[in-house]
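Next come two complexes built around chain A: one with chain B, the other with chain C.
Right, the complex of A and B next:
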């Protein structure tokens, strides 16, 4: 069966909530049934058929073509299957995703993988603020899964993160890993100020030395962190794009913190990270 | 049945169900991985007195280990799940964690999991770090050489212990030469190990004893010095009997290991002092698995 393909006819006048359209929710539905699904578009509700040209049948691989930032909550609470987005995705991409895979060829908005529980999200372009962070009103951010951002990421990547892995090959904004509880962030590019503020546990791996020593962190010096060998080798088995980490060694400067909040988190600054070669 | 002039007895090896787990030990070099593995598998020849049976299965190249370092696969067998939990925890804690630069990972995967790093993590005294990578939990325990990395749990699988064959030779020296070749051949079989020193048993036992406090005692019918004194299984020309005991993860592995071992021994032939191949059993009443020599060597 050919993958189910939704091609956006024209740029919508308001943001469209794409949460009803996930592979697991569309499984078993015929093309007519899919066409009749109502989507929230601003204050109105519009049929899928009015917004998209529908082709193909296999909903386990959903392709969204000509996507724009007006499409938000793509892959909401998705449990299985695969979503490919040709174009840009709006905010809340993969919010609370539990399984499956989302791939975006362009950019994505804010809250990518917010409070996600599992699955993989790959964004070839840039993402906005708060990737993998906690949704408003929630105490815990991402708990599992993998977010890979090939481009740059905004502020507060992994804020209140509780598990899983975020990899940004480009630059990241300020407050990276702030109030992090657990999990792993790998930031290979340049980073903004206020790294790891309020970090309790978890690991932030940095490909470049930060401009200033993060407040509340103390250095243990340069060490061979054997755990990095395991991490880098295993990441390569999840995502072929991440196989590049296999050439990285375990040598890193370890900084522990945030000591001002009694934190036992760590920042590992790679000493042989292939700077600038990851993108 | 004769192979290269060596008589294959019409008998069978009797084996028992066990529980087993495979562990992968890695270290900075193969030498240090071997040191950890040798220590872990030390004093693990028989469940009768050691609590478990364990041996090195094979050396693993860096591509096959979870952390990309040289590794050794070991298999540990015990009579029960409880016994295996106890032995794994003690042996990894005392033998692997204490070896500089070592790390320990699960090598067998099943739904039935037993603690590995889950119990050892407390050595970290609150500084241990849990890490989930690809859905698998690992523990990073800070130690003086750096960090001891250990997978949270390891899978246990049903296994078989006690596959065996006996090599009846003119002298111990000639028997050992043949048995050493057999062990080399058995090492090539995945999922099967020989847990006795060098893989060869010099003092095979029978179940029970005239002494009530003994679980096992010498197998007098195969003792060359008792020929004439007991109802011996040995002919005049046999001066030494060596036993190769094989534990395996399944029947096929034991069968393949026995076949490879017997074949290697038979290559020596009577001219090099190898006369007969036999097997140890208890009349078929105790063990669930029977490995008939002549069927295996067909």
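Right, the complex of A and C next:
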């Protein structure tokens, strides 16, 4: 069966809540049933068929073409299957996703993988603020799964993160890994100020030395860490795109903190990371 | 428009109508005498066999003022989980335990409630509280102004000022904030908390001002009595939630010396400290005393199991409870040195001994206190449970079998420690009409609400009789507000604005000179801007101000 594809006809006048359209929710539905699904568009509700040209049948691979930033909450709480987005995705891409895969060719908005529990999200372009962070009111952010951002990420990547992995190959904004509880963030590009504020546990791996020593952290010197070798080896098997990490050695400067909150987190600055410029 | 409700079964305790068949006529928002037979009836509703009551009145529900907004901000997930879509007759909104203003008004109306009263309006928050309440559609509103922890009053008391000065200050505050009554929360305790006291018993000295909660209580109670306010002093006493506070509650009743007093959310003030767990029910002792004290009225503050959020001016209490927060987040703050604000989300669990016993204590109070004219139905929304659980609570009171069924699921030790299973009382529809309509209206001095007599406001609710009282009370057939049909079969059909209820006691204006100096020196707002004028109040969108007379002396 051919993958189900939804082609956006024109840029909608307001944001569209895409949460009803995930592979698991569409499984078993005929084309007509899909066409009749109502989507919230601003204050109105619009049929899928009015917004999209529908082709193909197999909902386990959902292709959204000519996507724009008006499409938000793509892959909301999805559990299985995969979603490919040609174009840009709006905010809350993969919010609370539990399994399956989302790939975006272009950019994505804020809250990518917010409070996510599992699954994979790959964004080829840039993402906005708060990737993998906690949704408003939530005390913990991302708990599991993998977010890969090939481009740049905004502020507060992995805020209050509790598990899983975030990899950003480009630059990141301020407050990287702030209030982190557990999990792993790998940031290969340039980073902004206020790294790891309020970090309790977890690991932040940095490809470049930060511009200044993060407040609240103390250096434990350069160490050879077997953990890094294992981490990179594992990552290489998850995604071909991450195979490049195999060349990075296990030597890193380890910084511990955030000591101002009695944190036991660590920042590992790779000693040979910057040569492997990845972009 | 002349509306006729034909052959309803009327429950109107004010006119001693206990299930009698009558017709009701409404015109221009009022209930009228049967018109001449020549007059044309514009709209007739045949409601034979249906139960008819006046619109419900909630005497104690936190629906306005800063703390409600803080509670909303603290629990965004509550709003994400419960969105309400707009329709032609209602605006959208969200929230379950602290719904947004529109949803609050609509959900109250959907249950047949047409008036709600905010019990804890801080003077400094009065403007915002009235604006927020004006946003609540359909229902009438009013507020009790919070006193007893503000420095001006505490200073007066500690200097041994004359009672007449204090009475003037109370009256000035009511006028300035457009209140309907006066409430005191943990008298002196919120202030003492700021000076590092973590408990303040009824006769314990405040660390800075040489006064005790007893003296504050007596002085405010006297002031309310002298001003002749319809609603007695609304008291949230000392030691809320502390085992052994049943004794404090009995002492508080004795302290006012026969003056009228309203004790609020007594369930939280009726804990003994007997048994292995040092937590037991004091309901029987308190009920006995209240049955013998005709000057005391109360509302219960029943808890219901599930997620809710507690919002109180009592920072001393909320600081102590913060360790039980679920989810784990809290706000404890001061507000303009008037009093405080403590917000603690809470999950009441039926398998938890303390929570299960709290549930039993509330019901014991309802069933042991004989006079429904002095006990009002509340959950202290949202502190015990959101107000949407009233129909469930009514069923618990009216249906013993259902009560026992619910009781059977509770923590076994709590069951064993409660006399609830031995209480056979079942409330009648007449008694429910008293405790949710007639009695609160009388207590608040709302002469034209809470009954269906000629001249009363046409707030009328028509229920389909059902054996399951929860279903019956959660979905009235018709609800009329001031003669307008606002709900039909659980659907909102119109969203008119309600009125504001208030009192305007007289006082000696010379108090303003003193207050002027105090405001200049300590306040963030000038006295002239602090006062809330009538025009301003109406400008927020209310249809009218309903002023209720005071009877001094």
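Descriptive notes on the structure:
As a working rule, the second predicted complex is superposed on the first by the 276 of 279 C-alpha atoms of A that agree within 3 Å, B and C clash if a C-alpha of one lies under 4 Å from a C-alpha of the other, contacts with A are read in each partner's own complex, and residues count from 1 in each chain.
Just so we're on the same page, contacts are C-beta pairs under 8 Å (C-beta built on N, C-alpha and C of every residue); 3 or more make two chains touch, one makes a residue touch a chain.
Keep in mind that this is a model prediction, so the values were computed, not measured.
For the composite obtained by overlaying on chain A, chain B and chain C can both be accommodated side by side without a clash.
Of the two partner chains, chain B is the only one touched by A:184; chain C is not.
By the touch criterion defined above, A:65 reaches neither chain B nor chain C.
Comparing chain B with chain C, more residues of chain A are touched by B.
With chain A as the common frame, chain A serves as the apex of an angle whose CA-centre rays point to chain B and chain C; its value is 110 degrees, to a multiple of 10.
Judged by the touch definition given at the top, the superposed model places A:209 against neither chain B nor chain C.
With both structures placed on the common chain, the touch criterion links A:246 to chain B but leaves chain C unconnected.
In the superposition on chain A, contact of A:31 is made with neither chain B nor chain C. When the two complexes are laid on top of each other via chain A, the two nearest Cα atoms from chain B and chain C are 24 angstrom apart. On the chain A side of its complex with chain B, the touching residues are 144, 163-165, 182-184, 201, 203, 223-227, 229-235, 237-238, 246, 264, 266. Within the complex formed with chain C, the chain A residues making contact are 43, 135-139.
Within the complex formed with chain A, the chain B residues making contact are 66-69, 101, 103, 127, 129-136, 138, 140, 146-147, 149. Residue ranges on chain C touching chain A, taken from their complex, read 74-78, 80, 86, 327-329.
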